[in-house]
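Below are the structure tokens for one structure; questions will follow.
As written, the chain order gives the labels A, B and C, with residue 1 at the start of each chain.
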Amino acid sequence: MSWQPPTSATSGPRVILGCTGSVATIKVPELARRLQERGASVVIVPTKNACHFLRCQAKVDVGPTSPNPKHHRGGSQAYVNRPERRITNNGELRGSDSEEQNSSSDQCSRCGSRSPFFRRRQLPHLLSGDVEDASLKSLYPDLNFVLDEDEWSVWGGRGDPVLHIELRDWAQLLVIAPLDANTMAKVAQGLCDNLLTCMVRAWDVTRPLVFCPAMNTHMYTHPLTMKHTAILKELGYIEVCVVSKRLACGDVGPGAMAEVDNIVNAVMQELPGAQRISHGPF
Amino acid sequence: MSWQPPTSATSGPRVILGCTGSVATIKVPELARRLQERGASVVIVPTKNACHFLRCQAKVDVGPTSPNPKHHRGGSQAYVNRPERRITNNGELRGSDSEEQNSSSDQCSRCGSRSPFFRRRQLPHLLSGDVEDASLKSLYPDLNFVLDEDEWSVWGGRGDPVLHIELRDWAQLLVIAPLDANTMAKVAQGLCDNLLTCMVRAWDVTRPLVFCPAMNTHMYTHPLTMKHTAILKELGYIEVCVVSKRLACGDVGPGAMAEVDNIVNAVMQELPGAQRISHGPF
Amino acid sequence: MSWQPPTSATSGPRVILGCTGSVATIKVPELARRLQERGASVVIVPTKNACHFLRCQAKVDVGPTSPNPKHHRGGSQAYVNRPERRITNNGELRGSDSEEQNSSSDQCSRCGSRSPFFRRRQLPHLLSGDVEDASLKSLYPDLNFVLDEDEWSVWGGRGDPVLHIELRDWAQLLVIAPLDANTMAKVAQGLCDNLLTCMVRAWDVTRPLVFCPAMNTHMYTHPLTMKHTAILKELGYIEVCVVSKRLACGDVGPGAMAEVDNIVNAVMQELPGAQRISHGPF
């Protein structure tokens, strides 16, 4: 029941990648894989709102309607739409279509959408676990996720591990990319109502904490953004600055998350002994 | 799927009316109608807690048990208690009474109450939409609501609209009435975990933002209230001050939301070209 | 429907005991009973996260599998695992095992666990009330709890009581033990999104408010902890300092909640006329 650090590549640097409710979270899988390619062992800790973007992005990567999707990499066949039979409450055998109304746990908790990828019947091997959790893990089988729910299900009594402390002890570096306006405000003001912000609140300040803001240019230019950024830097956290460009919402201006390459580079610089990313002319 | 601005009266001034978890939210329908009478196009953005008060107030306006209620104005016949038949999971035909236990989506998400007005069976034309949303829209058919859930259901992938940005671009003025202690603290400190506070965080400060605090006199006299009010005014937001009176909770003192007339007046003053409300002796 | 102050011992001092999402909340039942033994009338107001710890602790106190548990004190026989029969939706008689999938309300809302103690079928006398609430009340029949949900279910229209005001008016003293890092940050910054923090925001500062921080030593040494503690003390709140010891998570250092004896003593000192706890050599 207790959380186990990822078993693969435990010899490489240990990185926690926090992400939040910004559109830029759609780049998190790519960012995590780039860090893994550099030898890092990566655990992703998304906020609840970040999960919405991770799920939406998975649909783009895999394709929403393909009955036999080719997964990006390390893909499993878990999504193959195979007929399934279940015993109903009444003891009858029933096809899977009729149960759609009942499988509320297969919904995205944010938008309520019922993507074919969220349906429990397509994930029979995961039925016994947490479905919300299972969904992300099965959508991205090559990545490691730890969610808010895990923190509470892991602790059942005195002596049980406290997950935000375990993770904090395990990691050599914490990078929050993207860091949205809301979580930035929470961190700057000591609020900690989820796994990510609890880890930050308990962070060992002798270890690097890298943050990569990402917000609409109108949010970014709000005077409080500068104030909160200043507090984070006073705490010793390392900023990877936003860039100016056309944002997902159509507006143009500063606020976009730095390029994935630059974030990987910034992280690697803080990890002594780790492999630098090359920007050479290949 | 994307949000559409209200079609009626789009030539008049465009106003967003935010409201929060204060008892004074029961006056929001009246305030919205007054603004509409002045020619404004109004979109109401309530917090989750504000919805509780809007639902409770609807019961007062319409009357909870009337089988054929006369709605205040622009009322529909949606609430008429007509017999309805449905096919059950077992393929049987069943009367509507027996399904009450299952229609959890018809409950108020705050108090769990099951007013006759929240019952899905009475809103057959709304079955396909978001019921929480539908409830408010059907309780107040002459008003426009946008809720937290809408923000997330509208965005499904890169290129989709970001609702708090769309709304912010559409509106000429944002009035928050009532502004409760909690949302005041959030706004003053840059927290933005729902649609209303995201709009505020991204607000174009060259456009007026009017706020109307409303809180119990004991909350109001807390030193932090003054501090937060000062921050809001430094940001250029316009305060419509509280008044002293006997509050809903029985206490007497400052903290009550300003009169609806005064709020309408303050809003109209900030909208050049809009019709001023008359306080004349008729 | 309206909240009623605890009927027992209403002549003694009236104390509200707030508690939050810290492991130290497992000591809250003991603390409440000690205050009751000193003649105080105690109402416990836990945050949602605090409830998780109260439920886990109840399992320890009672024993999770005993079919006929001896409850600590004032225990009831409510948990005795007796066979039960229920009429299903189809009108059939059914054993209780088959309904486990449907009784979602018996789950802990934090960890999703389904302890035998949370199962509705074991609490037939409570079926008509709020189950979440009922669970705590039945797990600790000698203690009084008021929960976030109560605040919203009690208010249905103008004139109904506002629970955080009622409680604030009733109490002579508010002690928050344990006060975790998150709620400390919220209180220091005026946020009030649940019953406990609303009471604090409306607190009558002429009456004592005692707070007992409890957090992991890494959270505790974060510079914001000192800043927030200073704000609380400026507001006139009384601190019962943390102690240094081996924490539940294994770390050693300051951050542990003060001993129950010391908290009781601090509370009694603030209640004129109340019986002091003796630390004599018996």
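Criterion: contacts are C-beta pairs under 8 Å (C-beta built on N, C-alpha and C of every residue); 3 or more make two chains touch, one makes a residue touch a chain.
These figures come from a predicted structure and were not determined experimentally.
Asks: Quick check on subunit A against subunit B: do more than half of the interface residue numbers occur in both copies, making it same, or fewer, making it different?
Replies: Copies use mostly different positions to touch.
Asks: In degrees and to the nearest 5, what turn takes the CA positions of subunit B onto those of subunit C?
Replies: So the copies are related by a turn of 120 degrees.
Asks: For subunit A and subunit B, what's the span in angstrom between their mean Cα positions?
Replies: Going by mean C-alpha positions, subunit A sits 33 Å from subunit B.
Asks: Subunit B: which residues touch two or more other chains?
Replies: Where subunit B meets two or more other chains at a single residue, that happens at 90, 189, 191.
Asks: Give the list of subunit C residues in touch with subunit A in this complex.
Replies: My answer: residues 23, 26, 52, 56-57, 59-60, 88, 90, 98, 101, 110-113, 181-182, 184-186, 189, 191, 216, 218-219, 222-225, 227-228, 248-249, 251.
Asks: Which positions of subunit C touch subunit B when the two form their complex?
Replies: Its residues touching subunit B are 89-90, 130, 149, 152-153, 155-159, 161-162, 165, 168, 189-193, 198, 201-204, 235.
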